[in-house]
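Per-chain numbering from 1; labels A, B, C, D, E and F assigned in written order.
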């Protein structure tokens, strides 16, 4: 109905003109310059990137298939649950497979393969990647059940496990991460990153899809959390808002450029709690069952059972 | 969810090309030729016609405002009925007013007015047209109530007045016609015709918005009914499918072109019934309470109380 | 993107006003008069009719479940066909059940039951109606397969059975009819009629949901076909456009009102063909394997094997 | 906002169940029987038919590209017209090409080609088909301009050429037909038929895409018109509602089955007018500048300049 | 139009299969294990949770009803403002009532009531809850007017009160909070939390719906603000981004589990300002008109009029 | 399909009522009080503010026009790229022009101009503003290319420039900012702010549209970044999450109210890096090539080449 509300529309037949021809050709020139600077003269004649909108739907559909009675459609019933799950998986996995082909083809060309070769390889590989992804879903559901239980036990404000699943941004973030991480490990860093950024946009929690995270993981409140690509997190770890598990600064190479691909983020062992605003930087290890206090700035390893607070550091 | 199902999308990076530049310029030339043949060189620099899609929504919204408990939104309640009616009218009338401006401006230019003059006049006139249209709506509701009652009484298959309103294409057609006819009389033949054709497309019933139709009108089945621009129909008239109230053929002027704007369709008096497939042509009069049989071909007036059948004509 | 195109929107802040208060109260008065004339003072405090839009979706979903590889979503595969079918049935049957409750409740109140009684009965009955409807679907699929085969064999222009299912309005109409007829027989004349009118609007073919139609039924072209409530049609019958199987006119009772609910439409036996524009009226019988020519007007029974044409009648 | 109105939703947690498992397996069995009867055991493992919804959008987009100022988006301006046309063509032709691949692949398999062969051929052929289709569009625009002019000249109720294009179902039908006919001739009968049936559903005018129709063609009112596959229509022909240009009945072969693919519909020469309800059957010729009266039933050729009416036939 | 762009769709008829049967049954097993671990064997046979999407629409509709000229539909006019408000309220409150029933029924079952009892109670209670909620809306509008005024006075970058309402995330957050808090107090913690998380996702501001907040409240920038369940905030309080009003850590019970439901967040008295990044923890009191500096870490009460900065603490 | 799932809908015909009449009139009174307190008695009779939803579409469309092969529609090809760009610009700029008129008219009335004067001026000025905006787009594309290159070089986790454009919230934020800043400088602070808040909501990065930012700007992670209205940032500057470039507190005037419009945010020279959580306040200057460490709190200028860390400050 709202679309109707355009009373007294285009009223002034004033001749106005945006000089589109010249803007279009100036933009054409800007694109040509960019493509030349990137060496992209012939290979990218079609827009072929994975789509954020499609991946958003894929994840939402998989989430409903994983938790049909809570994230599925209203009115779903016991007696048709498996039909819903099977149909949703078919739809989501088909769509995912198409996105996987796009990324494989893109990365083949970045690596210099011809169009024909990239075509042939990418479709075959996509089938096997998606089959393995599908087979891994039941275990992801069990991991997420453990995450939900951890949130329910760790937050005095939580009233039920259902409230946790339906409301908590930390659960939304870890659900995206667990799926993104599977795809990252399957050699799809771009799709994985897009999924991670979908969660980042919705929750303010920025987990790089490369991060390895154990069962029973819980982030409370969450806004501002950053977890880097090579971080390794054990079981039953709990984080609060604005915690950073980052790289130390100044990790430059000899020529002054930043080094890529090195282990450079923290290892957090089982049962650690890190309170709001703490910053943990570099390839250090937080020993198991340690507690890192709010706003702490930590750049060295601590042994199991440590209790670190601002005071303890300044003292 | 269906949108997701595009597995293995763009697959063949074959270079293909629709030669768009040449098609676009050939179409440009075809448009230029047409515009020149129509003398439209400067005035129509914007697309400014009333929109079928918007008018479809306007009529649907007005229908809901006229019959809120049956055509309004599910769950509507007594206690909020007037709010719904007032809000729906505001939305629909604002949207209608914008369409009215478009038609007035279009017809002003066809008549040679400058853009400034047409602008000034059309907005002022549109306000007064829509105000009168709005004021006429309650009477249209009463007329439509009489139409519904006539359908309910005239069809042995009808089970309730509600079934008639919700299901019968004849009611849908007369609802559109009564609104279109108001607008036709207000000097908006294009908008009126678009509304008539919306009903024609949905029901197969083709009533020109110029036709004058009395209360208690009922068309059963309806597909293939044609009622011409200058037809005049009395009260409590009943038609069946494929009835034509048309113009006689060969109404050409001296130069061989068809004459426009003359009374050329039948006058049908009160309480007439015309059965399926009957064809009634020319400015003739069907006297009141007559009955015209199925498939009858009639091109002369008949007195009140006539009972015309194929047999009676051939005998 | 089209929604963006509203340049130079609301431009004239002219004070205009549709006098909504007075229009709203005049409409209120018109509704009050109608309700009083219909004796509807208290019972209908909510809008509670079955919804054409929902039923349209229900039928489209059932059609996809009946013919998943041809009417289902693009990209559907063998391996997930049953999941799709089961999920679609669950969704469509749940939605249908809700509509059934609405009709049962409506008809209970028309019959004078209190709100509480109608409530209790209607939910229980709706469950049993929908269960029986669901159980009947596989047989409907087999009937429709026979209809498709008949169309393919009966039309020289048909190139494959798939073209018939995807394109022919006659198949669309009989698909709607077979579902509507099940519901009509289950005591849901309003829902059945709405479904029939959906098909009527899309195809121009008007089959009353009460009509009984055997297997292998085919209507070619179809626009203007009318089949009445009490018609009985055998197996392998073929109709062309604009055929009417109607009631004779003048079936009035002693008081001049039309009689309702009597058998009043033709019986058409097996293997009959009726050509375009033929009109067959009244409770007559067309004997098996007869052929009724185009535009024939027939109001008396004919024995099996008859070949009726305009010439034969006039001769 | 209407979606919000579901107060007091799922209320009775009554255990009800549609026995989906048994319905799904009975439907599975019905499909298996059908496929076996059709010999479709392995080849059709995916749903691969052209889509009515996509083709509807394709035609609407092409119509907007052909007539940008009247069927394009509101607010379109001179200065961006060619950008709009080029972009719309690119979108519509890409989408059409994908549908063409689907039909070619389907028909290759019907003809017994293997999947690999059908794949290779169909993509290459689709590119060349769509290129030729695109190149033919400017001529179609000129043909349609002539159709519009004919309608404007032939109907006393028409007020402007714009009203004709925006409102007349006959113009909508011929626009669909001209595009469908191009595709029919390119060897795509299924896509062509789907487009024809889209127009049939919207207008009640049923033109087989195989029919050959000259310039300046006009159908008034239109509901119930049927034009057969092998009809040949000259220039400046005018038809009214419910005219049939059909095949004679009983065109069976020796084994009793209907013969397919033979010329079997009328030839209508230039400047013929055929009035409402006339039925013209068989491979006969209506000589140029003839006039066929309303409801006439004609199965033999007539010479140029004939004036045929019911009276003239019966006399 | 974008949906059209799927050229050369499903291309490789490669047999691929996601092994759905085994994935579906493994997921079934995972759900069964979870349900058993949670003791949910019979009661939750339908998906019955409040819906985030519906509540998002409810809040947006209520916001438009509260501020019709600024958050309502474009083109709304004085003369139809009350109709819009009344209709929007009817729609939003009906939808809210349905969600309230869902939560009451859910929480009744968590508490062990039978389905019948929970049914009977939840519908009656929902009516009275929504009535009181509706009656409280005008006061909420006045509170929000005070919040807007506070923002306008407190931010040197603000240019008008309208910019504040239309743009500021702090206003969006407090609008959601004031509605969520009403529902929290009415015994609907789940719905309240969902609404709070909608705002959290949109603004990065995380206010637990249990927090009590006085008039004239303003949060500038806002990202990363966390306000806990039992916080109590006076009038005219101003916060900046990344302020935490949280619980002290280590509030465990004797058995090591976290204690739930205790007052554990700060009391902030009237006219306090808390600058960006400040962390205030535990059931402490910030005396009226105090100012807490950026990044300050505060875990003890401060008297009225305090000026706390990092320096003052470290000094 | 999901919309179908409303089984057993409106079930309890309980008479309930939200007392809408009294709520509506209390809201009416609250609005009247507010308008009186703001002195808005007559001028604002229509809702006339720029629309966040429209501006969101405008920016998305411009982004696609700027980067057609990466942010444009899937399947876009070289051969139709310019058509797409031209059409998208036409649509987006027309829509933007309409929003510009709304803001100019709004601000004219705030400044006391009559409706007629504001009308006349605002349409003319809007045309010239949008023309200049359009002409500036190619340069913005080149600036954004430099931003993308900076992100790719500055982040060890980035795998390609395409991943940066498709995924990084910092790029999304600067893309919005560069467009918003053009509009801010053209005298449209409200539209500019709405665009800035769209980015803030999506990314957690809050850049006031007044901030001046040089080429090659990169924000990593980004959540919690705040950049104030009068900040000036040089070329090749890099920020991390939660960095604040803010005003010092207590910038009150003599009467205790905050001073508006003064330069009050930092100047950051070329090649500066500011690490996560750093807070830089007041009109100070960070000299070129300086590095500001994580969590540093800085309120005084530092010379070029400074290396500031928490330790260096506390030491």
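Quick notes
Throughout what follows, a contact is a pair of C-beta atoms (placed from the backbone, for glycine too) under 8 Å apart; a residue touches a chain by one contact, two chains touch by 3 or more.
This is a predicted model, so every value here is computed, not measured.
Between B-C and A-C, more contacting C-beta pairs join the chains of B-C. Taking each chain's centre as the mean of its C-alpha atoms, the one that lies farthest from the centre of chain B is A. Comparing the residue numbers each copy contributes, chain C and chain D share less than half of them at their mutual interface. Seen from the C-alpha centroid of chain D, the farthest chain centroid is that of E. With centres taken as mean Cα positions, chain F sits 24 Å from chain A.
Between the Cα centres of chain B and chain F there is a gap of 48 Å. Chain E has its Cα centroid 54 Å from the Cα centroid of chain D. Touching two or more other chains at once are residues 1-3, 5-12, 17-18, 20, 24, 45-46, 48, 73-77, 79-80, 82-83, 85-86, 88-91, 94, 97, 123, 204, 223-224, 242, 277, 295 of chain F.
Here chain F touches chain A in the complex through residues 2, 5-7, 65-66, 68-70, 72-78, 81-82, 85-86, 89-90, 93, 97, 123, 127, 130-131, 134-135, 137-138, 141-142, 145, 153-157, 159-163, 166-169, 202-204, 221, 223-224, 241-242, 273, 275-277, 291, 293-295, 310, going by the rule given at the top. Note for the complex: chain C touches chain E at residues 1-2, 9-10, 17-18, 20, 24, 74-75, 77, 79-80, 83.
Taken together, the chain D residues at the contact with chain F in this complex read 3, 6-12, 73, 75-77, 79-80, 82-91, 94.
Contact residues on chain D toward chain C in their complex (touch as defined above): 12, 14, 16-31, 33-34, 38, 44-52, 73-76, 106, 110, 189-190, 193-194, 196-197, 200-201, 204, 206, 208, 210, 223-224, 226, 228-229, 242, 244, 246-247, 249, 251, 257-262, 264, 277, 279, 281, 295, 297.
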